[in-house]
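For reference, the structures are reproduced in the following blocks.
Two complexes are shown next, each including subunit A; its partner changes from subunit B in the first to subunit C in the second.
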Partner chain A sequence: MRLIDWLDERLEIRKLIKVTLIDYKVPKNINFLWSFGMLLVLMFAILFISGLFLLMYYKPDSNLAFDSVNKTIMMDVSFGWLFRHVHAVGASIVFLLLYIHIARGIFYGSYKPPREVVWITGYILFVLFSATAFTGYLLPWGQMSYWAAQTITTLFEKIPFIGPDLVIWIRGDYAVADATLTRFFALHVVFLPVLIMIVMAIHLYSVRVVGSNNEDGKPIDKKKEGVPFWPVFMSKEFFVMTVFLLFFFFLVFYKFDFAMDRVNFEPANPLQTPTHIYPEWYFLAYYEVLRGFFFSQNLGLIAFALSMVLILFLPWLDKSPIVSGKNRPLFQIAFWIFILDFLVLTVLGKLPPTGLYAWIGLIASLIFFGFFISLPIIAKIEKKQLEGEKK
Partner chain B sequence: MSDKKDMSRRDFLLYAIGGWAAVGAGATLYAMYKTWEPLPEVKAAGVVEFDLSLVKPGEIRVIEWRRKPVFILRRTPEMKAGCPKRTVRTSLGDFTIVIGICTHLGCIPNWESDKNIWHCPCHGGEYDACGRNIFGPPPRPLEIPPFKLNGNIIVLGEEGPEYKAMIG
Partner chain C sequence: MKELKIFLIIVGLVLVGYYGIEPFAHHEMYGGLPKPDFNYLDLKYDIDIKGNPQNGENLFKQNCQSCHSLKTKNLKAMMDENTAMQAFNVVPPDLSNIAAIVEKHFLFNFIKNPQNATKNPKFAMPPMSQLSDQQIVDIIAFLEKTAKKEITGEKILEDACTRCHSVKYQKIKAFTHPENLKKYLGKVPPDLSLKGRSKTKEYLEAFINNPQAVLPGTSMPRLGLKKESTEKVITYLQEISDPHKEERNKIGLWVLGYMLIGVFLTYAWKKKVWQKIK
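Moving on to the complex of A and B:
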C-alpha cells in the first residue's frame, strides 16, 4: 500500500488536500499582486529558519549579546554571517511585502463584506510583525538597538496616570537594561512567532471560507469560473517566488547594509545618545506623523497612535457598495494621493525636522488623515450616483 | 432525581468550575505581571554619593543614578543663571544638578561650552545653564533628581531640605 493511502485511511489526508487546496478556487481575473500573500508565507518561513540558527549561538545577556552577534555569529560560526544577513534583510523586506499586500487590499476593496475577518486578522499580523521586528532589533545590543528601544518605551510615559510606572514595568528597570533585553528576547523568539503562526492560520482559513477578491470586485461562481489553488495557482506562484528569491538573495549578498545600520556596530552605551536616532525605514512614516505636529507633543502622540490603528477601520469607514477601486474614479484619486503621501512621510522621517521639512511634515501628516476622512464622503457620493442611475 | 434539579446542579457545577478557573487565571496573570517588575537589587541601587569639590568651575560631570545620567555643572558668573529655584548652593559656589534626559523623547543632551547650553541631538531641543528649556520640542525643563547635601557631598536618591525647598 502506498504511504498516501495508508495516511488517508487514518487522517483523511486526501480529503484535507481536496478541501483546502483543490476545491479552493481562485478567480481568473487577478494579477501578480495576488501573489504577495504566499510570498509572505515564504518570507516568514525564511525568518523562522534563519532565526532558529541565530538562536543557537546568540546569548541574551547585556554583557554577552553584542559579541555573540558581532563576533561569534559574524566571524566564528561557518556561514553565521549568511544567516544573520538573511534574517536582517528578511525582517526588512517582509515589510515591503506587507505594505504591497495591504495596498493591494485597499485598492481592490478586499476589506469590504464579506472579508472583514480577513482584514482584521491581516491587521493583527501587521501589528505582530511590527512587535517582532521591534523586539528583535534590540537583540544585537548595539547603539541603535538600545536607543530605539529607549525612545519608543519612553513614549508610554505620556499615558495619563499610569505612564511613568508602566514604562518601568515594561523595561524591568529605570532604563532599558539587561532585564529588558531578556524579556524582549523571550517575546521575539517564542511568544510572537507562535502568535504569528496561529493568526496566519486563521487568516488563510478565513480567505478560504469567503474566497479571494479579484480585479473587478465581483464574486465568482466557484463551480464554473475559478481555477484550483493547487496546482494551477501555485504553479504560477512558484515562478513569482523564484523571481522574488533572486531579488532577495541579491540583497542578502550585495546590498545587505541597508538593513544593518552602521551605528549598530557600536555596543550599546546607556550614557551616550547617537547623534541621530531614527527607526528602520518601515516605521519612518509613522515616526514622521509623530514629529509632524511639531507644535504640540501630545497632539503628535495621539496622531501617531491613530496613524497605526485607523487602517483597521477601513471596512466601516468606506461603505460604498462598489468594491473594486478599478470602478471608482474618485477613490482612485484619494488612493494614489495616500500612497504618494506615505512615501513622502517615509522620506521625511529620516530628514531633520526643521524649517521647510517641519511644515511639509505637518501637511503630509494631515493628508494622511485626510484619506480616512475622504472615504465616507466618497462612499456617499457614489451611493447617490448609483441611485441616480437606477431612476 | 428530577430533571429540573439535575439542571440546576449542572449549572452550579458549571459556575463553580468557571469561577474557580477565573480565580486561577487571575492569579496566574497577577504572578506574570509581578515577574516583570524591577528586581530588588535594581530597586535598592537607588542611592549614590558624589563629592562636588571634584568639579572645577565651568566644568560639567556626568554620573549615573538609577541608570540615568545626572549632569553636575559648576556654574561660573558668566552663565548669568538667575534661577534660585534651580540652584544648588554650597560653600564651593552654585551648581546645576539635573537628570540628563531630554524631556522630549529621552535622548541625552550634550553640553556646548561655547554657548553655555545643552543641545539635544535628537530633535534639536536646547536648555540653558539652569536646565530650562529654551528652544525646540522639549516641553519642560530638565528634571531635578531628589538629593541631600552633606557639606560638599551630594547624596542622590534621598530628599534633603534643600531639595524640598526647590520643588515646594
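Moving on to the complex of A and C:
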C-alpha cells in the first residue's frame, strides 16, 4: 500500500486507474466478440516479446539471414524454435483476430457516428499490421519470402508516372536483394511497431471517449447501465484470453505448418521461381481480387487497391440510422454473403488461377464489391421504411 | 447459448477456410505425384540365376576396383579420389553397402547400362558390356555378402547422397568439389539440411524413386534405392531438419495443460464477479 501511496502522490496513479479502467463503463449486452480488442493487444505483446528474442540472433544480411533463422535460432539456441514458432504462428493468428474484430465492427455497426475515429484508427492499424507482416515475411530469406516480396513490389510498377522509380526506391535495387532485406528489417523491427503502438494508443483513447458499441447499437446511460471495465469486463476478458491461448499454443506446438510454409525452408534463389507463388493466407482474398480480373492486369490492380481501402469508407457508405446489424434483415443478408465471399476469395487465392477457378474468382471479386455498393442502397431503403413507420 | 452459437459459427468458418487453404489447396497444387515403383519394373533384364560370391570377388577386383573401393574388405580403389574426380567430375562411391541400399534387380540393370537405369545420359559410369549376365550376378552376390544387414538412414545418406549433396547443418560437405559437380551436372546440387522440412515425405519418396518423373529435366539420377532405404533416409532427413520435434511435442503438452488450468481458474473468477451483476 505504501508504494501505491507514494506513486499516487507523484503520478495520481489512483485517479488514472479510476478514469481509465473503473469509470470506463462497458455495456452489459456485449458478447465475447467484444473481447477481441484486448486479445489483439495481448497478441501484439506476444509478438513484440518473441520478436525481441529473435532479434538477438537474427542477422539481416542476405548471406546470413537464412542460416541465422533456420540453423541458429531453430536448432542451436535453447528454445529458439519456440520463439520462432510463437512469432510465426502469432503473426498469422493476429490476422484471424483482426478479421473477427473487424467483422464484429461491421455487423454491429461499430463504425457509425460517433465512432468514425475508432474505425479510421482501426483501419490504419490493419494497414500497419499488414505492412509489418509483409516486411517480416521477407526476413527469413526463404524462397517464398523472396518471391512474395518480388511479386508484390512489382505491383507498384503500374502506378502511373512514379511507378518504376518507386519500385527501385522500395527495393533499393533493381530486384529484391540485400538492400531490400535491410530496409524491410528496419521497417519491421523499429518503424512499424512504433507506429502501431502510437496508433493503438489513439484507437484505445478514442474508444474510451465514445464508449463501446453493443449488440443493440443503442447508447447506454453510463451512470445506470454499464459495468466497470475493471474488474467486471476484464474478468470475462481473462477467460476469453486463456481459451484463446489454449488454441494458440496448440497451433504453436502441433499445427504450425499453415504459418511456416514448406517452400520457405528452401533458401532464396533469385534464379529459380517456385512452381506456385502465393501470399500468406490473410492476404489471399485481396490477391484473388487482383487475379480475379484475369483479362486485364490494370483492372485487376485497380480492383486490388480498391479492395483494400473501401472498408475505410464504411461510415460514409452506410448512412442508415439503424446502428446494429441485429435489427437490419437486409443488411444481414449482405453481410453474410460478404463473409462467405471473403472465405471463397481466400481459398481461391491459393488455388491455381486456371479454368473454372478463374471464373469463380471473377464472380467472387464482383460480389466483394457488390457488398460496398449495396450498403448505400440498403441504407436508403431502411430510411424510407423508418419514415413510413413514423407516419 | 447465443455466445456458443457465435463461437460455433466462427469455428466452422475457420475450419472450412483452413481446409481450403491447406489440405485442399496443397493437394491441388502439389498433388498428382507419380506412384513410386520400388521394383523398377521398367528395366528389362530380370535375374533368374544364382550368383557365386567367390567368383564375384575376383570379378570385382578385375572390373570395379579401378574406380571403386570396398572399405569393409579393405579393398582400396586403384585411382585415388582426386584423380577420379578430375577424370569423371564426381567421386566414385565406396561399394561396401551398396547391395543393402540398392534394389537387386536395379543393380543388375545398372551395371549393364548405368545411363539407362539412372535415366541420366550423362551418368559417369560406363556400361560394363564386357561382363556376362552370370558374371554380373556373381559380383552382386559378392556385394550382398559384404553389405551390412542393418543400415541406418545416416549411413544411407552418406553412401547414396553426399557424393554430390552437402548437408551443411550436419557439417557434411559433398565429397566431390562443387566446381566439378557443376561440370558434371550443370549446377551444384542443393544442400540437404532442410529437405526433410521443405518437402513432404510423399514428394521425397517419389522424387528419390524416379527424379525424372517428378521433375523432368533434373540432373539427379535415379539411384534405385530399395523401399526400406528410401524410407530410412527420408526419416533421417526429417530428423535432422527438425531436431527439436520430440522436445516440442513434450513441452507442448505441459503448456496446454497449464493453459487448461488457466481456463478453469479464469472461468471461476468470471462467474464470481458476474454473480453480483444483473
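Rule of thumb we're sticking to: the second predicted complex is superposed on the first by the 390 of 391 C-alpha atoms of A that agree within 3 Å, B and C clash if a C-alpha of one lies under 4 Å from a C-alpha of the other, contacts with A are read in each partner's own complex, and residues count from 1 in each chain.
Everything below uses one rule, namely that contacts are C-beta pairs under 8 Å (C-beta built on N, C-alpha and C of every residue); 3 or more make two chains touch, one makes a residue touch a chain.
Everything numeric in this text was worked out from a predicted model, so none of it was measured.
By the touch criterion defined above, A:Met1 reaches neither subunit B nor subunit C. Note on subunit A: of its two partners subunit C and subunit B, the one contacting more of its residues is C. Judged by the touch definition given at the top, the superposed model places A:Gln150 against subunit B, while subunit C stays out of reach.
In the superposed model, A:Arg291 makes contact with subunit B only, not with subunit C.
Legend: residue contacts after superposition of the two complexes on their common chain; A:Thr275 is shown touching both subunit B and subunit C.
Legend: residue contacts after superposition of the two complexes on their common chain; A:Ile170 is shown touching subunit B, with no touch to subunit C. Within the superposed three-chain model, A:Pro352 lies in touch with subunit B and with subunit C [touch as defined at top].
Once the two complexes are overlaid on chain A, the subunit A residues touched by subunit B in the first and by subunit C in the second are 275-276, 352.
Touching subunit B in their complex are the following residues of subunit A: 147, 150-151, 154-155, 168-170, 172-175, 177, 179, 183, 270-277, 291, 294, 297, 352-354.
Subunit B contributes residues 33, 36-39, 42, 62, 64, 66-69, 104-108, 121-124, 137, 139 to its touches with subunit A in the complex.
Residues of subunit C touching subunit A in their complex: 2-3, 6-7, 10, 13-14, 16-18, 20-22, 24-25, 28-30, 169, 190-191, 193-194, 197-200, 241, 243-244, 248-249, 251-252, 255-256, 259-260, 262-263, 265-267, 269-270, 272-274, 277-278. On the side of subunit A, the complex with subunit C involves touching residues 28, 31-33, 70-71, 74-75, 81-82, 85, 96, 100, 227, 231-232, 235-236, 238-239, 241-243, 245-246, 249-250, 252-254, 257-258, 262-267, 275-276, 281, 284, 339, 343, 346-347, 349-352.
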